[in-house]
Amino acid sequence: MTGNPGDAPAPPPDRTGNGPAVSRAEFDALFDSVRTWGRWTPADRGAWNRVTAEHVRRATALVRSGTVVPLARPWDTAPGPDNPFPALHYMSDLGDVETPEPSAHKDFIGVDYHGKAVSHLDALSHIAYRGHLYDGRAAREAVDAGGARFGAVSTLGPLVTRGVLLDLPAVLGGPWLEPGRAVHAADIVAAEQSLDVTIGEGDAVLLRSGSPRRRRELGAWDPSAASAGLHVDAMPLLAERGIALLGGDGDGDVRPSPVDGVHSPVHALAIAAMGVPLLDNLDLEALSAASAGTGRYAFLLLVAPLNIPGGTGSPVTPVAVL
Amino acid sequence: MTGNPGDAPAPPPDRTGNGPAVSRAEFDALFDSVRTWGRWTPADRGAWNRVTAEHVRRATALVRSGTVVPLARPWDTAPGPDNPFPALHYMSDLGDVETPEPSAHKDFIGVDYHGKAVSHLDALSHIAYRGHLYDGRAAREAVDAGGARFGAVSTLGPLVTRGVLLDLPAVLGGPWLEPGRAVHAADIVAAEQSLDVTIGEGDAVLLRSGSPRRRRELGAWDPSAASAGLHVDAMPLLAERGIALLGGDGDGDVRPSPVDGVHSPVHALAIAAMGVPLLDNLDLEALSAASAGTGRYAFLLLVAPLNIPGGTGSPVTPVAVL
Amino acid sequence: MTGNPGDAPAPPPDRTGNGPAVSRAEFDALFDSVRTWGRWTPADRGAWNRVTAEHVRRATALVRSGTVVPLARPWDTAPGPDNPFPALHYMSDLGDVETPEPSAHKDFIGVDYHGKAVSHLDALSHIAYRGHLYDGRAAREAVDAGGARFGAVSTLGPLVTRGVLLDLPAVLGGPWLEPGRAVHAADIVAAEQSLDVTIGEGDAVLLRSGSPRRRRELGAWDPSAASAGLHVDAMPLLAERGIALLGGDGDGDVRPSPVDGVHSPVHALAIAAMGVPLLDNLDLEALSAASAGTGRYAFLLLVAPLNIPGGTGSPVTPVAVL
Amino acid sequence: MTGNPGDAPAPPPDRTGNGPAVSRAEFDALFDSVRTWGRWTPADRGAWNRVTAEHVRRATALVRSGTVVPLARPWDTAPGPDNPFPALHYMSDLGDVETPEPSAHKDFIGVDYHGKAVSHLDALSHIAYRGHLYDGRAAREAVDAGGARFGAVSTLGPLVTRGVLLDLPAVLGGPWLEPGRAVHAADIVAAEQSLDVTIGEGDAVLLRSGSPRRRRELGAWDPSAASAGLHVDAMPLLAERGIALLGGDGDGDVRPSPVDGVHSPVHALAIAAMGVPLLDNLDLEALSAASAGTGRYAFLLLVAPLNIPGGTGSPVTPVAVL
């Protein structure tokens, strides 16, 4: 089920063994079972309310070597099958616009950051299911052209907590998970045992599929057609553990979606039901190598989104400190 | 010299007592005296090479309460005397573009981030003096329409180090420094003594003038006409201490500039001579209050710029952990 | 009431003689009296339905000298009191990005074009009064994050018709109208007589106040505080004449608004009641000089908006052919 | 050589019969033979200096029916094989940002317009060959981050002239030219004879390949890999005729390029050697139908670029009046 370097770059996803499709009714029951609406104030920080000052202290105490590992992919201005809306980057001053001295070089950046161009955080206003954001807020009333009044990234602020790397290829074998490979609850349990780490309250869980390595070695493919990611059957386990943040080198969801009529069921469950923000499109290759070297898969994790009032998320460079 | 809430919002700067103007020849001698060209590999990380794994470990060990304090101003899309080039923020999907379920809210952000609209980091490619970037690289060869090949923010990566808050109004009296107030070497020494903190090798020094509070209470003014900030006579001290990063709630430079023919002399000295990146336009009000509460002015500081290949800097949300 | 070059740049508007303020009830009655809802198919081309092929032929037959006069201001990237949201213009390739030969120079443009930065056309989706667009369409149903489904600029397409220049300073004296000067029905009639031109069915009426000349000579001011423009009492006359398009070197409305609680009453009457698109922020100085030279104030006018599906207008360069 | 609806969308281009490849030396001799450097003042309007007031009068006199035909494709925000850098279109106000009454709908547009996303005009600063723009200006001195000081679109201004449609599928048979089909001098002569029109001094020549129809019927393909367009052997004829503007529903060049080491040889010849701006990515389907109906292939053509100082071109909606 995992990949080999010689595989073709855009394989027809093999859903064999990923379990039966999930009906809409089953999904709705699952949604209700993991829902944490009404639990926290302020509600729009959702599961980040789980991260207390005590969690922060314990997370910083995890630092051993002092190695700092950034987890963001490069800002991608090149179009491709996995980058239909390239990020913008233009030089606005090459030392010839503003009067010297000194001369200045400046640049403009722009991006519709949800999507595939950049590593980013999804705030709780990003996703609505059946018209409702997290905590049952009506999406039409909470979000308009001025931005989100509930669940904005500016309300989330930064997160400092324990990060846990679930390095799935290290556990399951092969250099990466093939696109379309679903990660189930049993895979997560196996990863915990194999990597000697247990996901706990307030943790940030990072799933490595190895997709950036696959892209570098085999070329880009369309991740909306086939991505490794979580099957919805893994979400009750993560809900039970009380995670604060879920991230990965995909966008969380296995694709094609196993749920009838729901294109991004993990987004719906994590963000809208559980109040768990997502980190999409990370590059976890360096973190995988560093963790393999030390044998430790828990570390200090820092996520510092841009302070965008009303924003539904933010480009970010999450940082692990080992 | 410090301000009162009843002051007019855009005073003619009083440069009395800020010392005599600095000639271009004196400035050039100062530039040479603090220059660290040729010292590090890779050169385009400049003074961040001072921050070793040992610094990282010691910085994380500073955490006591676990309080997390973000230091970024809001992404500012409203024009004003201090925001001539407003940041862009547009909703690209209000749940009516992408097919549900789930429905998605998305937004586009854009900004020519050098300037006043957002908190940002200046990488070493941002500033050239006499045609040269840090380490003596010719600016015309290092930067073109494709971005910077030397001194890019993507080369810097994140910084984890000890932060030191020089809370100048707390030392000098008053709620803020008046625009135009120069901060001299003696002020820094006085602040160290008063706040019981000593700037050392690899530290990130954050200067608080209180400008965000002044703006909230008195309204916006044009900071390119009058800002509190460093006089160039403070730079030898900071060079001697071996700082890694210099930031503040202005852009570093006192304005009007005390140096004949050099509009941003602290930028030139820090970035081009010393290889010290700058953090501009922070909001240090919450950090000031928290530090006053604990009496501790040193803390864990995290700066995680976006991973923009060739970028001359990045919008950022620096984070202090107390 | 008209200006002199020695005047201060931002005068307190003198509304003496501009007539009494208009109550909301009077305005609503006026709105109903000029309304043309239900008259045309397709409704979202509004008064452009008045311009038949016969009008086009007659307009092209007006050409005498063959002089071509562009009517657009420069794309304005410089912030100022009359440009709070500057247009964007970045070079994306300076011959160093794309592989030669040949080498290419390329640029990115961006603009939130309604406002003051650029000459532009307002399509019928731009303005709603009491929640309704032209023809009584509910604004909330017609426009969402995907754009306008009714009244889009892509439905308007280009306009070729007779243009009439109402050169008000030429009629009323002085180099320009002072900001705040209201143009009344009587002024229009006086202009017709003085300039020997009669506004007719399907015409594009262009009002010159001389504001670009005033800006060049006296500097910029805030046009949302004080602009020369139409008083609402002029609108019944223009409705009666059956105009297709209304433009000028302001945005149509005199400011401050003479109507209680309505900030842009001419926009509401022209666009939402009469179905008449507007051309804002033109530069009519060259056309004024050319028309004065020939004594002819009617000409071939061409307006070719960008073909933006769902757009509420477009930056344009209208062209007069004399 | 022309297409059939049933063809596959992205065929390997058949260059048989398109003549032998052109060497770089042959191309350079061709460049010199059609060069008009030093001929005009101002040089940066290039061949538009050919269009005199007399041309304008004669062009307007061509109008018969009064039919107005816009020639722009829709502003394309959807990524695809022929749109790697989609145009931007965001709603900035849905009636909920600016205070009513009236409420306003507004939108932001942005585009790196050279490329495939939108119909646009190439000004003379767009292309340099061997480091030189038209008239022999050194590209590095004429263009920097502030834009073009020579050959800017703001210097061109609008064009009003006679347009000539060379409807190649109407002449050569089939609904469109297949991608890769080169148009030679002999094809142009055949088109003139068949369509009863003769290209003359100051004309705007529009070549129809039918590519928008092919795209609608067969789907998008990558035009940088295969496009119908001019072979360089057609350029001496167009130079001899003294055309002012060259446009089409491609970008002018046949692709793959027949010239060794020159990716866009028609761009180099037209813009850099002859001073002839180009119109790229038009939609000539409606004009083809209208011209077929009347049997007249000459008409009034209007091109009104945005007034962008320093711009290397502009998005446009050219307009034909029949």
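Residue numbering begins at 1 within each chain, and the chains themselves are lettered A, B, C and D in the order written.
Rule of thumb we're sticking to: contacts are C-beta pairs under 8 Å (C-beta built on N, C-alpha and C of every residue); 3 or more make two chains touch, one makes a residue touch a chain.
Everything quoted here is computed from the prediction, not taken from an experiment.
At the subunit C-subunit D interface, residue numbers used by both copies make up over half of all numbers present, so the two copies contact each other through mostly the same positions.
Using mean Cα coordinates as chain centres, the one most removed from subunit A is C.
For the pair subunit A and subunit D, the distance between mean C-alpha positions equals 44 Å. The distance from the centre of subunit A to the centre of subunit B, each centre being the mean of the chain's C-alpha atoms, comes to 30 Å. Multi-chain contact residues, meaning those touching two or more other chains, occur in subunit C at positions 88, 90-95, 108, 110, 144-146. Shown here, the protein chains touch in all possible pairs. The residues of subunit A lying in touch with subunit D in their complex are 79, 84-86, 88, 91-97, 110, 144-146.
Remark: subunit A residues 52-57, 60-61, 63-68, 70, 72-75, 88-95, 99, 101-115, 118-119, 125-131, 139-140, 143-148, 154, 157-160, 261-264, 267-268, 272, 300, 302, 304-319, 321 touch subunit B in the complex. Put simply, subunit D touches subunit B in their complex at residues 88, 90-92, 94, 108, 110, 145.
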